[in-house]
Amino acid sequence: MPDVRDILTRVQSGELTLDEAAVQLQGFEDLGHSRVDHDRASRNGAPEVIFGQGKTPTQMVEIMGSLASRSSNVLATRVQNAAIEPILAAFPDATHYPASRLIALQRNVPAPATTNVAVVCAGTSDLPVAEEARITAEFLGSPTVAVYDAGVAGLHRLLASIDTIRACRVVIVVAGMEGALPSVVGGLVDAPVIAVPTSVGYGASFGGVAALLGMLNSCASGVSVVNIDNGFGAGFLANRINRL
Amino acid sequence: MPDVRDILTRVQSGELTLDEAAVQLQGFEDLGHSRVDHDRASRNGAPEVIFGQGKTPTQMVEIMGSLASRSSNVLATRVQNAAIEPILAAFPDATHYPASRLIALQRNVPAPATTNVAVVCAGTSDLPVAEEARITAEFLGSPTVAVYDAGVAGLHRLLASIDTIRACRVVIVVAGMEGALPSVVGGLVDAPVIAVPTSVGYGASFGGVAALLGMLNSCASGVSVVNIDNGFGAGFLANRINRL
Amino acid sequence: MPDVRDILTRVQSGELTLDEAAVQLQGFEDLGHSRVDHDRASRNGAPEVIFGQGKTPTQMVEIMGSLASRSSNVLATRVQNAAIEPILAAFPDATHYPASRLIALQRNVPAPATTNVAVVCAGTSDLPVAEEARITAEFLGSPTVAVYDAGVAGLHRLLASIDTIRACRVVIVVAGMEGALPSVVGGLVDAPVIAVPTSVGYGASFGGVAALLGMLNSCASGVSVVNIDNGFGAGFLANRINRL
Amino acid sequence: MPDVRDILTRVQSGELTLDEAAVQLQGFEDLGHSRVDHDRASRNGAPEVIFGQGKTPTQMVEIMGSLASRSSNVLATRVQNAAIEPILAAFPDATHYPASRLIALQRNVPAPATTNVAVVCAGTSDLPVAEEARITAEFLGSPTVAVYDAGVAGLHRLLASIDTIRACRVVIVVAGMEGALPSVVGGLVDAPVIAVPTSVGYGASFGGVAALLGMLNSCASGVSVVNIDNGFGAGFLANRINRL
Amino acid sequence: MPDVRDILTRVQSGELTLDEAAVQLQGFEDLGHSRVDHDRASRNGAPEVIFGQGKTPTQMVEIMGSLASRSSNVLATRVQNAAIEPILAAFPDATHYPASRLIALQRNVPAPATTNVAVVCAGTSDLPVAEEARITAEFLGSPTVAVYDAGVAGLHRLLASIDTIRACRVVIVVAGMEGALPSVVGGLVDAPVIAVPTSVGYGASFGGVAALLGMLNSCASGVSVVNIDNGFGAGFLANRINRL
Amino acid sequence: MPDVRDILTRVQSGELTLDEAAVQLQGFEDLGHSRVDHDRASRNGAPEVIFGQGKTPTQMVEIMGSLASRSSNVLATRVQNAAIEPILAAFPDATHYPASRLIALQRNVPAPATTNVAVVCAGTSDLPVAEEARITAEFLGSPTVAVYDAGVAGLHRLLASIDTIRACRVVIVVAGMEGALPSVVGGLVDAPVIAVPTSVGYGASFGGVAALLGMLNSCASGVSVVNIDNGFGAGFLANRINRL
Amino acid sequence: MPDVRDILTRVQSGELTLDEAAVQLQGFEDLGHSRVDHDRASRNGAPEVIFGQGKTPTQMVEIMGSLASRSSNVLATRVQNAAIEPILAAFPDATHYPASRLIALQRNVPAPATTNVAVVCAGTSDLPVAEEARITAEFLGSPTVAVYDAGVAGLHRLLASIDTIRACRVVIVVAGMEGALPSVVGGLVDAPVIAVPTSVGYGASFGGVAALLGMLNSCASGVSVVNIDNGFGAGFLANRINRL
Amino acid sequence: MPDVRDILTRVQSGELTLDEAAVQLQGFEDLGHSRVDHDRASRNGAPEVIFGQGKTPTQMVEIMGSLASRSSNVLATRVQNAAIEPILAAFPDATHYPASRLIALQRNVPAPATTNVAVVCAGTSDLPVAEEARITAEFLGSPTVAVYDAGVAGLHRLLASIDTIRACRVVIVVAGMEGALPSVVGGLVDAPVIAVPTSVGYGASFGGVAALLGMLNSCASGVSVVNIDNGFGAGFLANRINRL
């Protein structure tokens, strides 16, 4: 959101005309189907990210083009199969991460953060979500450390890497099934823990609900939760905290 | 429903025979599989609309034919793929809207309403539902104004169009995910707001339940809700209110 | 929300100082615990209404006093027992409706609407919610017609009053248990129907969920739904539509 | 279950040896994968019916052969596609009802009941379930009367057939969406009403849950409910009551 | 519902005036808060029953008085504590059943049915609901046989009474917890089984949901279900079937 | 259940009359409200236990008396407040455990098992359920070892006692909130783990559902689950396994 | 988990260097995507089992190779179609069980247990889950006895095999729909009962939830529950108890 | 968790005896009912906090005493009424916050953080939870800024304070009903947003579920969620992030 008071001051001083003020207050490009938010980077520190689900390939290419014209880096999540080739054709320098359904266009490497984000996951089946988190954090400039397949049924696998995890500034913990790993990690570190429930499981896992509830009810302090399978959200938030 | 007291009066006066009275009380055509409601326009102001889900192509064509024989305008919703070609073959002047799964047969353009219906949607992924609402309202004679991709994470996109929205007599707000947009719009306008939750989202959106609950619990007054993805219902109701 | 463009113009012309503009942009009184919204009447056509649940008696009296100082009419909903006496002591001209948990302070009778709102309810047990809707609509200036205990298990009770209902411009239908009444009414009238599920029922009514789902899935067009037991919301919206 | 006291008496009298008694107590044929219940007709008045879901084609043919060897009539429900041809090849005199997924082998027409079962359904989309109920009742010997597409949004369609329905001894009412039809029918007849919720609907119908809850909470007395889409169960029970 | 065709005929013949016809079409007494349905006995074979929940003592006494003035027998269910004394004071010949929360006023003993209704319950804790069913059936004229505390964890307790149960024309089965008893009984009898889930249980019984689901999914044929704790509904339906 | 074949043999040999056989097949005492299962000890290794919820004090005393007359040891669970004094008055040698709502009457100390049952609980708030499990196992003859307040947020508290736990033959793990403890314990021991979710928690713990789902989805093998707060069930099963 | 105290002692005595101690504390092989737990057999009595869902074929082959290099027997569950051929190509002596989606590599036949595990299932449609349990128990060395298609609607089918079941040391009961079988079996045996709900059913079975709730609320003592369709978990636990 | 490698080194060097090492590895005091975690401050940066729900007054006082003996500052949450007086008697310098059910004992004021935490809440009814968050953060040393009653139905109330909020390093957003506020705030700031759903609402708010789902599905990036009404968890995490 533009700084209203600043614009008011500049209107008052005659520095801005009324029309110029209105344009600055708007801050988006209208494609008809989409209003691309060019103001987001100034407003909350990172460019708008494209949510791919439910968008046609043409819409995807147009939105990505609009963003790329202003912000040199663009990230698209949950890119649907039909949109992959059109996007890669339009943006040959974009990178596609199939397992995590991400497409990243990085023309300006951001200055890397000086501290790391740990990405811990409970089982190999949670890898696509964990990678979505890890790639997002890296894309936004946070170096990451991956500790994968460290579920609570074999605690020694986690404890072997606990010093590595403790050396990070933020910890992302990804788990499906009962979602117990964030509670155990949360009891062992003093960094903020971002818990990501995954839809891995069957039966009474209810597509990740069991893991989500487990994480929301964590008996460890310092843990917060994002949506089921929302690796992007965790990576985004981890980078934001890591850069504080 | 026929006017029972009027029919009673006319039976008493001899104007109607008992059989004629019985026929008038019935008011539908029986196709065996379906009882097509020819009385609905007189009863609640708009012709019966065909719900396409679960009906065979043959049933669809027969019902549509029955309605078209009496009412010049027919609307079919959620038309399943197998029924599209048979319907378009039988009614070459019908129009198919693929994204919204509507087929409209409009032989008599209704007198347009003198006020407008606003259709606001939160994200590009909500477009199919928003368009179902918009086309329905237009089909029934209400001019519409579309404000798309105006979600609450970039408020300036909504505020830029708020004067346009305020100029409408009824406002439809379509949103998935957390369904917050109707609350924000409801706080900014003094028109009735019809909220439509969509199934856009993932994880704990539970196919639109999160958006539905958000809208039912709206802290803004003047908001009511229709079923998840029920663009048709919103467009129908908006036109009804717009024509009061 | 104040008219930003108008304020900008007046700032530019020097009609407003920067500070005056900021005050006008604010539009609320800050009581510490509450920010009382004095701008709401201009913004959406009715004064702010006080939601009584979870507020202390002192907070209630202070908020009510702040609103009463600007807007002569004040409505409080879901007033908790402990707050009743303090409010009535502070505002002796206020009226308390115990069954519906409303307190109304009406110092200026609004010009009555020229059309009526019908309030139909399914059973005697739904009366408190129906009355909350009816009193709210009357408070805001819409005359109402009550048709109570007209549930679908005895259709003749409804049909006997159908002409009365059809003469109204908006219809509120209140029902618990299976919530079938709005579908039946919706098939018989051409006015907008606002359905209010109540928590009346037991067992698998789940505190009104059965009625809520029934209403959301209504096979009748022209029906929209508000939250369980939200008589206030229905009355508010009905008046808004009735005054269009 | 065999008559234990009778067998005891016959063992005591020497009429039965211990082994013969054990065989009679068993009352089923063991196919390894299935224990086919040959005793069911004597125990609860109708032969075992085969639930087709989750069974392989070979299992289906073997179970059907085992039942056909003792009971001349066999009914299979929810027959999966892969099993249809093998069954029809093995039992050329069987009849397949595709919409309702039934296969019936009727070698002995039962004496027809002297009273009728009404099968009422709300919409054309509910036909497959209604037909499953109707065919089951007919298979077991109850004549049926079908009143289809008589949903509550067009009450006159139901009222036109109410005398036909009242002439039946049992009434099955099939409905999806809000499931309101059984309440309305239940208020108009004095026969037992068996309500069948269907999974027809979308959004907050949750695959038939809304209709199920509506029916369980029916304000009309004399209504009971079977599982979602369980047309077979309704037809079976209707015949049982009809033959009392 | 009055016989519309008959009234039409009598209007045509001059036997009825228009006003008399309207009165007959109405068939209820309007108490303001309630529309007491005097037509129900003719329409569906039993007088209206008063649902006590959510009604004030005054309303209860008035409705009961209205019904008692026309129908000599009146039954009130779920009578709330505050209403018991006022009702018993107004109707000294009424009987109160505290455990089942029923009040019955029986001035005309109906001709008893010639066959019996079995009421089977799983545990002693289910007694209040079982008794509500049993008293209702007796009130309406069906003799009953009670088999209590016959849960499936001690099958011999059920089998000891199976001949008694089999001698009845209808069987009500009341169970909480896992609700397995109707499936077992349903496999042993050839009478219709009305299953009543109770809210007895704890933890994952969710107030009777586990029992309800168990009964809806019964693998035994011939079983239908009423709402949780709805003993009245089961008794009412059992009598209706028993009198066929 | 009595040994049917044995009784058959004895009937055949004339050792039993038909009446005697019938009596032996029954195996319960009928108190009217309850059928007390005197056969259970022979059938499944432990006397019937009285579920106190929903039973009147008089019923409790009568059932307890019936059981005590045959089986010297009696256990009652979830004893409601009103029943405590009457029971203790009738059975002065009974012991009441208020926190766990148990009353135990132990006149014959069973031969103790030679191996131990571990009862581990996550937090102090889970103590009432853990104690219900522990006292039940002790009552049935299994020595127990308690390791309390060993939740996963402070792993060292668990690891400090892991050797003690490993020395037991069966492990009961009681936890509320996210219910993660059974997964961690299950990964550290080779004994069967019985997980007991408790209703301790708030918000999205939903009365123990979060813990229940966590335990059902445990990534550790060798874990099974009982109902929420069902300490009795866990203690009973643990003793059964411990005595194998 | 390694014996920390033992390692401490050996470090103190100089028997272990610090590095050797660290290696022993780790106990897993890190494949990057997976940390294969080589310590599990010593820790909880059986080798790690591979959960096939969500793993790529390459990951499956690598994990299986890692385990096979240390532990001669490997079991993979829920093997996805794409992984079957690669695994069988890499391990030609592995056995694939298609219905149960298991692949077993058994190079060392374990010493068989001297007692048996009963696997009872309710219907033929439950066979895949029952077989998953049975094969798992056999793989781990427990002989099994199968009693299939013994649902509660035909009790005699169960009673005919009850002696066979009673002769086993542990009983697994597999059932879908209402899940009543474990309660009935639990009332007839004195062995521990492991209940496995299956997703067999339709409508309000909700993918196995009805069966799961039924089992959790079992009125029989000595019953515990594993996740929906978790045949593996039941077989694993049954073997563990059987070998106590 | 103690630094295992460091202890190993010190054991190896003889600096620690085996017993001393064991003590250091334990790190808690065992009160029988509770294992008080004295190691938590070193392990995750803040002393153990006492969860008051379900603990007896005596347990509360003992745990608080154990913690106070080592860590000078102690915080107890959800303190139940019965425990308040005993605690205040035992620790006269403790402070009780009734609305938020906290008791704080602060003997050492921590060095305040140099940046602020914003606590924003939607309505006055959310104050108890917002205050729980604010007091927790202050207790741990983070200065806070409160912006209360800034719900989305009156956006200007939020926008008036947006500069204040943007000046904070972390933002806590507390909201009930539809829980839309975090999405709107998240779109306006570049700080991490911790969303706290409250149980404020009625009907389909389901005790905070609607708000929880709304927050989990937030379309704004940088938002994570804690449990319903978990003000403590939000304040704890906010301080942790604020001190990074």
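Chains: A, B, C, D, E, F, G and H, in written order; residue numbering restarts at 1 for each.
Here, a contact is a pair of C-beta atoms (placed from the backbone, for glycine too) under 8 Å apart; a residue touches a chain by one contact, two chains touch by 3 or more.
Quick caveat, the model's predicted, so the values are computed rather than measured.
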Enter the minimum step count from chain E to chain H; a value of 1 means the two chains touch.
2
If you check the contacts of chain B and chain D, which chains show up for both?
C, E
Count the C-beta pairs in contact for E-F and for F-G, then report the pair with the higher count.
F-G
Using the average of all C-alpha atoms in each chain as its centre, how far is it in Å between chain B and chain C?
25
Whole-Å separation of chain centres (CA-atom averages), chain B against chain E
41
Distance in whole angstrom between the CA centres of chain D and chain G is 37
I'd like the Å distance between the centres of chain B and chain H, where a centre is the mean of that chain's Cα atoms.
48
Please output the residue numbers of chain B that touch at least 2 other chains, ranges allowed.
1, 4-5, 25, 43, 123, 153-155, 159, 186-188, 203-205, 209, 212, 216-217, 220-221, 227-228
Could you please write down every pair of chains that are in touch?
A-B, A-C, A-F, A-G, A-H, B-C, B-D, B-E, B-H, C-D, C-E, C-H, D-E, D-F, D-G, E-F, E-G, F-G, F-H, G-H
Within their complex, state which residues of chain G touch chain F.
1, 4-5, 43-46, 49, 159, 162-163, 169, 186-192, 194, 212, 216-217, 220-228, 232-234, 236-237, 240-241, 244
Chain D residues touching chain B - in the complex, by the definition given at the top:
123-128, 148-150, 153-157, 159-160, 200, 202-205
Contact set on chain H toward chain G in their complex:
4-5, 8-9, 11-12, 18, 21-22, 25
Chain E to chain C touching residues, read off their complex
1-2, 25-28, 32-35, 37, 39-40, 43, 48, 51, 53-55, 59, 63, 78, 197, 199, 207-209, 212, 227-230
In the complex formed with chain E, which residues of chain G make contact?
122-123, 151-155, 177-180, 183-184, 186-188, 201, 203-206, 209-211, 213-221
